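For reference, the structure discussed in these notes is given below.
Should a chain be cited, it is by its letter among A, B, C and D, assigned in written order, with residues numbered from 1 in that chain.
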Amino acid sequence: MTTPNRAWGNLTLTGKVIIPLLFLLFVVGPILTYLLVTVVGPWLMDLFNSNLAIVRFVVAIGGVLLFSIPAAFIIIYMELKVIAFMNLRIGPDRVGPKGALHSLVAGLKVLTKEDFTPTGADSIVFTWAPVLVFLTAVMTFLVIPFGPGLVGQDLNIGLLYMFAVGGMSVVGLLLAGWSSYNKYSLLGGLRAAAQVVSYEIPLTLSVVGLILLAGTMSLNSIADAQAGWFTDWYVFRQPLGALIFFIAATAEANRTPFDMSEADSEIVAGFATEYSGMRFGFLFFAEYVNVFIISALLTTFFFGAWNAPIDINAVLAAFGLAPIAVALDPGSLGIGLPILIGVVPVVLTLVFAAPFFLARSSTPAWQALLLGFMLFNLVAIGALFLLAYIGWPWLAGLVWFFLKSFAFVFVFVWMRGTFPRVRVDQLMGFAWKWLLPASLLNLFVTAAAIIIVKS
Amino acid sequence: MTPNAQTHQHPSLDDPRIMLDDQIGQFEAVPPYPPRTEREAEFYSLRDGEMFVNMGPQHPSTHGVLRVVLKINGEQVVDLDPVLGYLHRGVEKLCENSDYHHIISQVDPLEYVSSLFMEWAPVMAFEKLLDVEVPRRAEYIRVLTGELLRVSSHVLFQGFMALDLGGLTPILYSFIERDEIVETLAAITGQRMLFNYFRVGGVNGDLNHEFMSRLGDWMSRATKQVEANVGLLNENEIFVRRMRGVGVLDGDTALRMGASGPNLRASGVPFDVRRAHPYSVYPELEFDIPTRGAGRGGDSLDRYLLRQDEVRESLRIIDQCLHNMPDGPITARLPRLLRPRPGRAWAAVEAPRGLYGIYAISDGTDQPFRMKIHDPSFVNLQLVGLLMKNNLIADTMAVMSSLDPIMGGIDK
Amino acid sequence: MDRSLRTRLEARFADRLTGPVRQRHDATEIRVRPADVVEVLRALHDDAELEFVVLADLCGVDTGTHMQVVYHLWSAKTPDWLRIIADGMPREDPRCPSLTGLWPGAEWMERETYDMFGIIFEGNRDLRRIYMPPDYTSFPLRKDFYLADDAARSPGGGVRHMEQTHVPAQATPRVVRRTVKA
Amino acid sequence: MSFIPGIGLVRGMGLTLRRFFQPKATIRWPEEKADVAPKFRGRLQLLYDEYGTLKCETCFQCAQACPIECIDMGGMDTKGRFHVHWGPPETYGERREESALRRSGRPVADPAYARFETVDLAAVDEILEAHDYDPRDLLAILEETQAAYGYLPVAALKHISRITGAWYATIYGAATSYRHLRFEPPEVEAAAPAGEGQRSVEAGYRSALDAALGYASGHPN
């Protein structure tokens, strides 16, 4: 029995884990880092620099995948909570504050459930169909401009790409419905196919007028074209197009009142009837990612994308003020910076605490100070945010984009809380008899107007 | 192990090889025995392009454990075959083996959303067997609580109707209304769902302060609240378009099919037991029998709207009951063990779903010799075979829930 | 009690009635032979003076010695319920003509009566069991169907098993389960 | 429905938006408990008195009133014998197995039912008729019944209860309080090894009580 052996034996379990980790950290880590920096690093950087487009694409894909899950979680929570409130219920309130972690826990639950393949199902297709549905939903994120410069790939045919990829999801739904070996699933898949194919046409035609106006199919350029006041948004130039797009997109995403393919009171859960576990989770996530996508598209096409509704610089100019331009460089303050950091919180805390202390003599000093500190934090966060908003246009764009998108998500959830669903023949009749002529009319009027204005 | 090796193990259930074609066929709706009747043989033979779909017994919208085998061609329902019995408890046999007081609790869960009516008809039948005069105050209390429950039942129907058509919200509003009514009733009956309140010769408890205050509270805003809630549906184009012209039933057919209640009145036949064969104190009360769809036949929307008219009439009746409520005893004087002399009695009341009747035969003992329960939902459900044919699958929901079946009563 | 209904019924169906017209409370009761049921009910339905258009109920009764089928009708012309009892069917082979030609809605009520009593309604084209499973062989509401704890009432000794030994001829078609391939 | 298409939809959405801001109806169980009506009678609970003993007197009324016969009464009678007099002594599991057997179509010979085997009730009917079905002659009826059968069969007691209208509890109470009435045939009672244990326990208690009270030997009776 050697000394190291005995020492090892005396260690607790935690020690036995930590000691090798320390070894890795202090011995292997530096060596690897050195090798990475000296040998692999330059080679890697060369590779990245020479293939910048691919790297950008991969990063965008990764970001999009990472973003889609929390977006779906937020929308699921929002749906539960908003519909509950409209039903005069409270909704989820057990996990997290006000039940905010409910959808996260539900996601974990879906992960841990048994992944069941029914007897008679075509197991390969059955397994891959949800993946296809989810991927088509996520891939659409790639061309959505979240803010100035915040776009995965600025394709010049972004709009076409969007509809092409979005239309592919129907293949996934059809496969899911067919492979389940269930009649409800089959009916659901067929309904989804009929519905999505029918509504694809008015959906695409409704934005052709917009393309004529903008003269481009790049989503980024469409967003840029709507800069300025909110009157510049395309919804005011294409109101009919916006309405058609809204309705057709609702049907495209299988949302109430057009959720025929998963009409629970008729065909149980449609194409998702036989799914369980994470495969169901994929279908479920894809549905909510689709909700976000149609909201984002509505925002991008018709509601000014990431542009603020008010052109603040124009307002300032009207009052004879210079446009705000913040070029704050903390380094220029020199020794003032640490002093500022040290002094400002204390002074502001005291300033905010003073009214509480003075207004009511019964308030203890520590309570007043606590309140003051909290107020100071609020103000400081607000000020920092304001600085960032003014200083970084991409952040401002992101904020506006998400505000508008989630407003539309709210509208979709609101509709789900209010409407019953339409019948399948009424749904198809509506698409072919009303939406298609209306979108053609919209296209015609837009083209005529452009010719009249140009000539 | 070679493929030909003899193994004496049972094949694992996960083994995909045990899936034979024959076993796949077991998932079909076709029963595993030869047809018993002409009609069954006709139904279970498929033509080209048709297939069976089992709707139920576990299905989100069959109002309980009803199984309907649909024969569909694409989205169109060609024919259908309702299969009952999943909730059969043998209530009639139980009643034959319980004494007259026990029966009240036996029949209570038949129509579990309007259980007071389920007690009313047996109690009336036994009163006829015993030749008992029920005190007027008891009769007024019966009418008052009954009409309250009718409102709750109809309001709940509207919610379920919307739920079956995909609307999530109205059902919750309905349940809030129902909850208030049921809490009000719980103040005098003690229970919220199966009240077990009527007794042979009277009722179990007198009106109390809590009941009256809750009822006054509710009545003061009932009309407004109910109207506001149905506003979500009545004016909704999607809802109206799905209901109009679906499942048209003309009055003569409805009578021939034995339908009763709102389903019959929505076809233009003003048959309401409260007026057609008055019982209790209904002759003294003023109310109308609303009808719709006379001449053209009633569709699902008529059946839906008629129940709203009935809610208004019920509110009128409740109001009159509160104004005319006489003083006096609430039960007749009766021995604890009832032993009517041999005889037969038939009593029928107008339950929210239609004519609910009891045919009781006494043989002189403390238990009825035979007690037949005639449940309105059972007869009304027959109409689905008539109304759903050649409609879309989506319309089956609009039709079935407009008939408002309650499986507890259908399966007895 | 509607005395005029009694005289009208006696005048109209004098030769069909097998017993006196009885009246108690708000019900008038007549008894007919099972063979005459359809004829009598059709007359009651079609006669302009009677017009019993509502079939309120159809039920079976096992009196212990024979079977009955009881119909309750309603008419706007009289304040009484009308009860028609088709009496005197043998318990071994109870048969009664079906009413589905007159009231198609009687179909399920007849199915229920058949299911519970084994009364065969001739002419009902869908006379299957409605509540009990298809391979069930006895009729639960018959008086010779014993309940488990019914020892004190049963005339014979001990507890009987619930399925009865006697089944009327052709009452239940034999159910053959399809065998699964081994 | 108005003439402007879609106005109903918009008004419906207005209603749901208004509801969105209204107070909610949910009761957060278990933090908040809903009010229970004062007349609520859904609770089934045996009550205890202030000394911690059960208030139940085994009066059989609940068992007799139970519509689905789920209440069984078991207990010691005044003669120290274990009797179950309403419902067979069984657990739910046994009941299920036994009924499954019964449904299988085979006749079941269950010893639990031995006590409840039916007897020819003609004798009881005669006795009852002689007494004009009057429950006030209960003792005479019981004595004559015992004379007719040699003991008091349960089926006979139930029949007496059913015909005269007297509570089963009354009849059972009367039958147990008189020493000359018995529930088993005399030969069974004489043999009864089951009763021995009970009696010896009782005898032990009695002798201890006698010793405490200062009696010399045995009970005065």
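One rule holds for everything that comes next: a residue touches a chain if its C-beta (ideal position, glycine included) is under 8 Å from a C-beta of that chain, and two chains touch if they have at least 3 such contacts.
Since this is a predicted model, take the numbers as computed values, not measurements.
Path length between chain A and chain C in the chain contact graph, taken as the least number of steps between touching chains: 2. A comparison of the A-B and A-D interfaces places the larger number of contacting C-beta pairs at A-B.
Each chain gets a centre from the mean of its Cα atoms; the one farthest from the centre of chain C is A.
Chain geometry summary: the mean Cα position of chain A and that of chain B are 47 Å apart.
If you average the Cα atoms of chain A and of chain D, the two centres end up 65 Å apart. A straight line joining the Cα centres of chain C and chain D is 37 Å long. Note on chain placement: the centre of chain B and the centre of chain C lie 23 Å apart, centres being C-alpha means. Of all residues in chain A, those touching 2 or more other chains are 86-89, 417-419, listed in ascending order. Among the residues of chain B, those touching two or more other chains are numbered 169, 173, 176, 232-233, 236, 238. Of all residues in chain D, those touching 2 or more other chains are 9, 12, 15-16, 19, 25, 162, listed in ascending order.
Those residues of chain B lying in contact with chain D across their complex are 94, 98, 102, 105-106, 169, 173, 176, 179, 183, 186-192, 205, 210, 228, 231-238, 240, 335, 337, 339, 365-366.
If you check the complex, the residues on chain D that touch chain A are 9, 12-13, 15-17, 19-20, 22-26, 28.
Across the complex, chain B meets chain A through its residues 19, 24, 27, 51, 53, 59-61, 75, 162-169, 172-173, 176, 232-233, 236, 238-239, 241-242, 392-397.
Across the interface of their complex, chain D is touched by residues 82, 85-90, 93, 414-415, 417-419 of chain A.
Across the interface of their complex, chain B is touched by residues 1-2, 5-9, 11-12, 15-16, 19, 25, 35, 37-42, 65, 67-68, 162, 165 of chain D.
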